[in-house]
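After this come two complexes, each holding subunit A, first together with subunit B and then together with subunit C.
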Partner chain A sequence: MGAGAVTCLMFVVVALNAIAAAAGLALFAVAIWVAVDGYKLYPISGVSGKDDIFAAAWIAIFTGFAFFLTCIFGIFAALKRSRALMLVYLIIMFIIFLFECASAITAATNRDYLVGNSNFVKKQMLQYYGQDSTQGKQITQTWNRVMEQVECCGADSPEDWMLYNSTLKQIYPTYNWPLSCCKRLSTFELQNPAGCKVGLTSTLFTKGCFNYIESVLSRYTWAVSWYGFSVLMLVVSLDVF
Partner chain B sequence: MLNLLFILGILCPLNLAEIEIRLLDPKIDGVLASRFPNSFLLGLPDCSVYGNKSAELLYTELPSNENKTKSFIVPSCSVTRLGLLLQNLKNGTTYNMQYKIAGSNDTSANLTMATTNVIDFQQIDSGLPARSGAMVVITVILSVAMAALLIGLIVVLFSS
Partner chain C sequence: MKTSLPSLQLLFIRVDSYLPDIFLSTDTSQVDFYSRIYLHPFYKMKTNTVIRWMSLLSIWMWTGEGQIFQPELTSNAFLAKVTSNTVILKQPYCVFNQTCPGCEIWLVAGLCSAKGTFDALVNSSTPNILSLSPYPTAFNPSSNNFFLTRVGLLSDFPCNQNPNDQYFVVGADGICSGVNCNGVLPDGSTVCFKYLLIDANGTLVNSSDWSGNITLPKLLALNTISDGLSARSGAMVVITTILCVAAALLLLLFLIMLCVTCCTKKDGKKISVMNSIRIPRYDTHNLKERVHPYDNPAYQPDLKNYSTSSTLPRDGARKL
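After this line comes the complex of A and B, so read on.
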């Protein structure tokens, strides 16, 4: 009876370790996806120094891979039935748990700071768009790409450019909003330059870009933070056994 | 009496009618706005009556009473007309505007409008907005789990 229960327990431990190893590897892959930044929105967080979402992704890369290796070591330790090895396994798991906790919490908090409301993104756009510094160039490039691909203008709407003063207005006083806000033909020429300058709503994009930016950064955060959280819960249940 | 007024009305020549002056309306004319911090977007004089004639827009900045003029040619009806963009104004200032056709006495009424004020972008408060539920949940549950694991680890260590 005792031997049967121990075998059953060992089987459960090995199975859970295998699942946790696979989950750790998946966390590793997802964190690489976030760090690569396929949507190329890194400058929005990087320019103001608040790129903790990407820092959390880097930590998750290492913890994901470490989970994978440690779980394989755990399978080995369970099969060997060595108490010392199991203790080492538990201590290493705890340390990795701490790092992954830090990563998940950092990503969730930083996301709230960046895209909780549109103020941060709006202020950064007004300050850096069109500026001649390295940060200005990065922000200008990022915003131009977003405005042209997503067909939007400004953070909440083109009115942002009219309600507030901006670096762009100081450098080019005759333009009320950037040229990337104007609709273009498939040949990339402006559809109606005079109409766009004057504000004809059929010639420029009227929706704001904040929704898109918020959805991308949230997607990155949920990948690192919630997936990390679920892996951690799996590890906790594993350690209870 | 009424008959007299009717006869007088018929005898009055038509060219004493005023030129219409107005700001474009976002709902009717399909523009984003017509009052900007440094410019106004005005409707042009009627193209069927004044097309291809040269005209002037006289505008006065109200507190200082500086008079300025902007000359332009009223586009004909065959061209799509957008509006007249009056630029290089100061923000938050009131202006008096009036159209006048060159070489005649046709004028419009006075239009008094103020440009909008701008808010400095540095005033935008970009601090942390409210903490979201996700942040609180993740932090609380992970802290509790961390404490439980630590206790479990200590128990296992000291029971061996």
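After this line comes the complex of A and C, so read on.
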């Protein structure tokens, strides 16, 4: 092999490693954003024990940072032209690759389970809203905040509260749906308490909250999953070189 | 008991007495204008039919206006009009037309299968209708399956008003314990209602018809919601397959590379690089003529530089 080709190859490897290091650092940052859960929807996945999206985010934090360090090591090994170092670099890269694979696949699969359709979220809401346990309090708080901020009621519509037996119905039999479903004035008072109780459509929110919850959890998942996938494709192309 | 017939006759008389007044006027200009119309022969023929049509129209308006004889569901589009254990009815405006000072309107709410039971009990003139079937035990298996609850004073529901935005919720008190409290209906049953007019002494004065059957939807249990995995999204399948394939490819590549590095190192030990020590080299293998295992053709030109031809064999086939 000519010296020129070797230099060109080394240049390519160094450049790809630099790009991969930057990508690894970005993955680290995105995974931190997901783990921090700015939308505060963790209880919806945490209460039922299906918080793998957030577990995948934690793994992605570590693998992102490890990618960053390993790529810098790879630049060093390529410049030193040491075969042994390159071998070590490839082995470490492969191990991190496997972990990141696991993270991406876990996040995507768990998202399908949680928000594939509205049944899971609906059942959890009916079961835990208003319940006096710690999980019940968390779910009640989360749903109250979502219903008031996003201006929605129930998973698909307020009818969810009427069709199914729920903890709320057992505890407060005269209320058809929680008060968070009612429209409020800017002073936080109810606009029309009697109208909301009977279901006058101009006094309560009639759209469902599932679309919002699904969009947030999907956003988290695709951040970890697709971004991890793209970093891994970059690493594969790097390894082929 | 229907009170419509006498009032219909009254209606006819009233309408007939109205019409000529509409068309008469004291204003002379108007009289001239109208007289031109009225004295037209075609118009004279038409007045009788006009009177007939207007009276019919008034009858239709009258019956549609609010003379209800049975409890009805509210006409508003409330979401909770009919739930599994409550019903929202119109308020009883203009149900009972008689004057009855101090009378109250009460509602009988019960299973439609208990209509006969209630009517029989009323006809046998039991002394105290109001405590016939107290709410807490009303829907027990061997009970009467109806209960009575107070709606309001007769004077609160006059005939000349009929606001459509008023409603009455049956079941508003939840699971209560009073004798005549407005408790919830049994889940998923078919219910019928009837209005009663009770006077101040507690005796029945009048009653309306039974309402139509209203079927309450049955409340579904939570375990009917199947929250298992619904469907795998396309993105998840793509990510999983491509990542698994890529991981397998990388592993393969890695193993091939390992193999290549290991194998080339082993062959290198056999090839001896040119050195300055002159040692005899022995042919330990039975080789054919064309093979030169100990001579590296790449370094052949260097042979002349580093050794004399007499000490080292040129090719392994021709032995010393």
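Rule of thumb we're sticking to: the second predicted complex is superposed on the first by the 240 of 241 C-alpha atoms of A that agree within 3 Å, B and C clash if a C-alpha of one lies under 4 Å from a C-alpha of the other, contacts with A are read in each partner's own complex, and residues count from 1 in each chain.
Keep this in mind: a contact is a pair of C-beta atoms (placed from the backbone, for glycine too) under 8 Å apart; a residue touches a chain by one contact, two chains touch by 3 or more.
Model, not experiment: these values are computed from the prediction.
Because the two structures share subunit A, they can be overlaid on it, and in that overlay subunit B clashes with subunit C.
In the superposed pair of complexes, A:Phe11 makes contact with neither subunit B nor subunit C. Residue contacts after overlaying the shared chain place A:Val198 against subunit B and subunit C alike.
Once the two complexes are overlaid on the shared chain, A:Met233 sits against subunit B and subunit C alike. With the shared chain A as the reference for superposition, subunit B clashes with subunit C in the stretch 184-192, and the other listed options (22-30, 40-48, 184-192 or 274-282) are free of clashes. On subunit A, the surface touched by subunit B in one complex and the surface touched by subunit C in the other have residues 83, 87, 90-91, 94, 97-98, 101, 104-105, 108-109, 111-113, 116-117, 119-120, 122-124, 126-127, 158-159, 162-166, 173-174, 176, 197-201, 204, 206, 225-226, 229, 232-233, 236, 239-240 in common. Those residues of subunit C that touch subunit A in the shared complex are 76-81, 83-85, 88, 167, 169, 172-175, 184, 217, 219-222, 224-227, 229-233, 235-236, 239-240, 242-244, 246-247, 249-251, 253-254, 257, 261. Of all the residues in subunit A, the ones that touch subunit C in their complex are 83, 87, 90-91, 94, 97-98, 101, 104-105, 108-109, 111-113, 116-117, 119-120, 122-124, 126-127, 158-159, 162-166, 169, 173-174, 176, 197-201, 204, 206, 222, 225-226, 229, 232-233, 236, 239-240.
On the side of subunit B, the complex with subunit A involves touching residues 26, 30-34, 36-39, 41, 82-83, 85, 87-88, 116, 118-122, 124-126, 128-132, 134-135, 138-139, 141-143, 145-146, 148-150, 152-153, 156-157, 160. The touching residues of subunit A, counted against subunit B in their complex, run 83, 87, 90-91, 94, 97-98, 101, 104-105, 108-109, 111-113, 116-117, 119-120, 122-124, 126-127, 158-159, 162-166, 173-174, 176, 194-195, 197-202, 204, 206, 225-226, 229, 232-233, 236, 239-240.
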